[in-house]
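Letters A, B and C mark the chains in the order given here, with residues in each chain numbered from 1 onward.
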Amino acid sequence: MQQPPIQQQQQQTSSPTEFLNNVIGRPVLVKLNSGVDYRGILSCLDGYMNIALEQTEEYVNGQLKNRYGDAFIRGNNVLYISATKLRE
Amino acid sequence: MSTTNQLLPLELIDKCIGSKIWVIMKSEKEFTGILRGFDDYPFPIKLQDMVLEDVIEYENTPEGRKTTKLEQILLNGNNITMLIPGGEGPES
Amino acid sequence: MTEEAVPVVEPNAVEEPLDLVRLSLDERIYVKLRGDRELRGKLHAYDGHLNMILGDVEETITVVEINEETEEEVIRTIKNTAEMLFVRGDGVILVSPPSRTGA
């Protein structure tokens, strides 16, 4: 792939792999396409975006609905993974 | 292969790294944010998973548009419909 | 014969998400499915699509109905049991193994 030319390009780019290396072992928010949110510690994930979380909390419409010690989330349901720790 | 002045779709997105981009999903969801990077697997199969920073998420719900701010996300490329460089977002 | 380079992997380590499922074989697990369906049962087998065979299964279906007179939402759960069932992976949202102690 060619180098992105021009301007503010010395600001670090961050590939998905780098992003993931930074967030593994840290608290994440995983949002599903259905709108359901999971918060937990990201154990690991694979190329399908299958995700293993620890200390998982399930939020539906912003309300805590369930807790799971460990949880496997099937990647096709995942909209995004966020490193933020913000709580609403 | 000779160089042409044709810009491939992926090259366009590559030029957006470091700039704001507007992402429209298949469902009633949109995102704006600074594009930090993406994986380069074959383009026609799947739009790339991409890392976005300083993100605003827009959800169109029956109760109106809801926005959420996020510092940094890895967005699943599976349900991306459209990428718009510049990234004014739906509220402009 | 050359020595096979067998990676020394701790058998209980979760290195990829599917390990979480692998470590739950023969244990009772919780499965959340599309369409507000939940399963609890013993995991007998699975594959990479998350197709699964569960035994001694309890299924819970949550239905939201609108009471036509009061227009209130009524949440109703339906329970089914099955001795053995096959779950097609594409409906799976989440799998949670029983809590394991020790890391």
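One rule holds in what follows: a contact is a pair of C-beta atoms (placed from the backbone, for glycine too) under 8 Å apart; a residue touches a chain by one contact, two chains touch by 3 or more.
Treat the numbers as computed from the prediction; the structure is a model and nothing was measured.
Enquirer: Can you identify the chain nearest the overall CA centroid, using each chain's own CA centroid?
Expert: A
Enquirer: Which chain has its C-alpha centroid at the greatest distance from the C-alpha centroid of chain B?
Expert: Farthest from chain B by mean C-alpha position: C.
Enquirer: Based only on mean CA positions, could you tell me how far chain A sits from chain C in angstrom?
Expert: Inter-chain centre distance comes to 21 Å.
Enquirer: Using mean C-alpha positions as chain centres, tell me how far chain A is from chain B in Å, no decimals.
Expert: Roughly 16 Å separates the two chain centres.
Enquirer: Which whole number of Å gives the spacing of the CA centres of chain B and chain C?
Expert: Centres of chain B and chain C (C-alpha means) sit 32 Å apart.
Enquirer: Got the chain A residues that touch at least 2 other chains?
Expert: 76, in rising order.
Enquirer: Which bits of chain C are touching chain A when the two form their complex?
Expert: 14-21, 30, 50, 89-90, 92-97, 99-100
Enquirer: Along chain A, where are the residues that touch chain C in the complex?
Expert: 32, 34, 36, 38, 43-46, 50-52, 56, 58, 68-74, 76-77
Enquirer: Where on chain A is chain B touching in the complex?
Expert: 1-2, 4-9, 11-20, 29, 33, 35, 49, 75-76, 78-84, 86
Enquirer: Considering the complex alone, what residue numbers of chain B touch chain A?
Expert: 10-11, 14-15, 17-19, 25, 27, 29, 36-40, 48-51, 53, 55, 59, 69-76, 78-79
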